[in-house]
């Protein structure tokens, strides 16, 4: 159930995607998502789909693992699609394209988090966005917060699983009945989780203080270095976007 | 209330058994202690007993009826499960409402549920002036007892508890186990899991020892603790150290009180 | 070397002076000593720990580390380098995605250069026996290993004092043993000062001195033997005693012995004289 959610989790592996620099992957993801929203024809659809399939292959992460982990997200997407149809989107090609745009974006983001450690993502963001610090934007702080949030995702989902089990043992009917009942049945889970999350963050803050976080100029232990394959990474991403722009404007 | 476990196995992932081929039966009105290290499968066993998990292989019977033939939603009310650190599941605005949550889910009316809750709170010895307080304002030991009351209030025939004494000081621990003793005298079956051989030796009548998912020993407490392969409790460790110095003491020794009595006997001789 | 001195410290969370968590605590911790702090739940142990490295500042009174007062903001980084603090739940102290990244967090905060960080990471991890797991995710570690990672994380700051705020409370017996073995080593062979806040009485036997807190005040303060000879006071506070001490008390009640023993070599002579 909730423990299966893979969104935001890192999975140990040795595919090519693991070897790319986090900055390349972040930029690649950004360009890919833009590409997804730019394409207009069946050709673009096919190309973005194939591109994703190739990336998946390069990550060596099983398709089933990804699907299983994204189940809850799919329900939301499905819901959005149905709304789309109800609200008079009669052209089914367009509906399909919209569906793919959402799914593709989720899939690609999932590929990034599965193959990149949270710390690498935050370091990548920090480096990539460092120009913003000129206008006193707290880039480093933002990156740290993101990386910590990722770190606590597995811990909190584990905990959510425990609380759900415990309340079930007290006969709690989670997610049953009318909408009002459903909403009510979530309270026994949400409240303990919130309390725990607050306690955790309090202790985390004290622990970080004790380890001298923010007491002076920080250094970074692991250097990020571009390698040869990053050049290919950037080239392919840019090419993809260029093709999709052609797809939209020319075809 | 008889509980029977028949060659039960459980695996979270294919090929890895958290519990393998475990069989035993449980008599009414007895306190059972399940002992095992982290990863021995003891928590898994508890969740199977309470119907939260379904065995991958094997069967569990309650009064000769197989679990699969009992309506799944009624099982938690008959075999109540108290989780580790149960106080982390409290959520209501008052202690009494929190304890009444289980009975309400069981289908009792609001008044009945409150009555059940009051009775359970008396059983765990939480004073009346705490009943309308927020559960978050109680002390650690009180919170633990309130959470225990939440399961007792559902009036289960069997009560299974995961590391119920973890993190409590001596006073808190003694209080919890005297509650369990009381429930046992009312005819409830108590099954508690602990990684402390001391607690098991002290409070259990019968003992199950789990190791890496397998049942290693089962029997009356004295019998189990005399087996050399079972982890030693503190009192027995001390007794064996005294024996090494040439003072003759019987074995096994289950509690420090017993040890001091035996020492007195040796000296009187 | 860092001596820690607390002089008449008071602490309350709110401004109301009635709810004092600590009232009038004075304590001197000599460099290189091993002190256990015990007391019932809510006695102020945890607050005391947080005073020691300036996470909390006393409402009145003084805390000094090596002569540096925690009241002066500019002293805080220096104090925290000397006095490391570990908390109850190891999961909540781990910030890195891998064992080695987490250990590097402290040295990175100090702004050290890469080679120095590498040296410190490897040093600290080998001290707690986690060097071969350096590339692993902390989520895959056992409870005892997570606690050891916590220790490595602060060792990388090269502290002189380690304060453990119930850091063994959530561990299973195996994990507790692992942590105690490391503390023993750090104290005896690396010259670290250890302040161990615990409710596991058998752990206090490893140290040389015990401080007993109750309702924010120091009730007893003395060597392990001195404190456990006053076991009646501890019993009154509802505190658990180490098994040998508990046994000695039982035997004392029965008139068999008239002293407190801490191990078999101190108990057996007492018994043999009776046989």
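Should a chain be cited, it is by its letter among A, B and C, assigned in written order, with residues numbered from 1 in that chain.
Quick note on the criterion: a contact is a pair of C-beta atoms (placed from the backbone, for glycine too) under 8 Å apart; a residue touches a chain by one contact, two chains touch by 3 or more.
Keep in mind that this is a model prediction, so the values were computed, not measured.
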Third chains touching both chain B and chain A: C
Highest-count interface - the chain pair sharing the most C-beta contacts: A-C
Maximum centroid distance from chain C, chain identifier (CA atoms): A
Gap in Å, rounded to a whole number, between the CA centres of chain C and chain A: 40
Computed distance of Cα centres, chain C from chain B, in Å: 31
Residues on chain A engaged by chain C in the complex (per definition of touch): 10, 12, 117-120, 147-148, 150-151, 154-155, 200, 203-204, 206-223
Interfacial residue positions of chain C with respect to chain B in the complex: 40-42, 142-143, 169-170, 172-175, 199, 238-240, 243-244, 246-247, 250-251, 254, 256, 263-264, 267-268, 271-272, 274-275
Residue numbers on chain B that touch chain C, as the complex places them: 37-38, 139-141, 166-167, 169-172, 195-196, 234-235, 238, 241-242, 244-245, 247, 256-257, 259-260, 263-264, 266-267
Contacting residues of chain A [partner chain B, same complex]: 162-163, 165-173, 187-188, 191-192, 195-196
Residues of chain B touching chain A in the complex: 47, 50, 52, 73, 76-77, 80-81, 83, 86, 88-91, 101-102, 105-106, 136, 150-151, 154
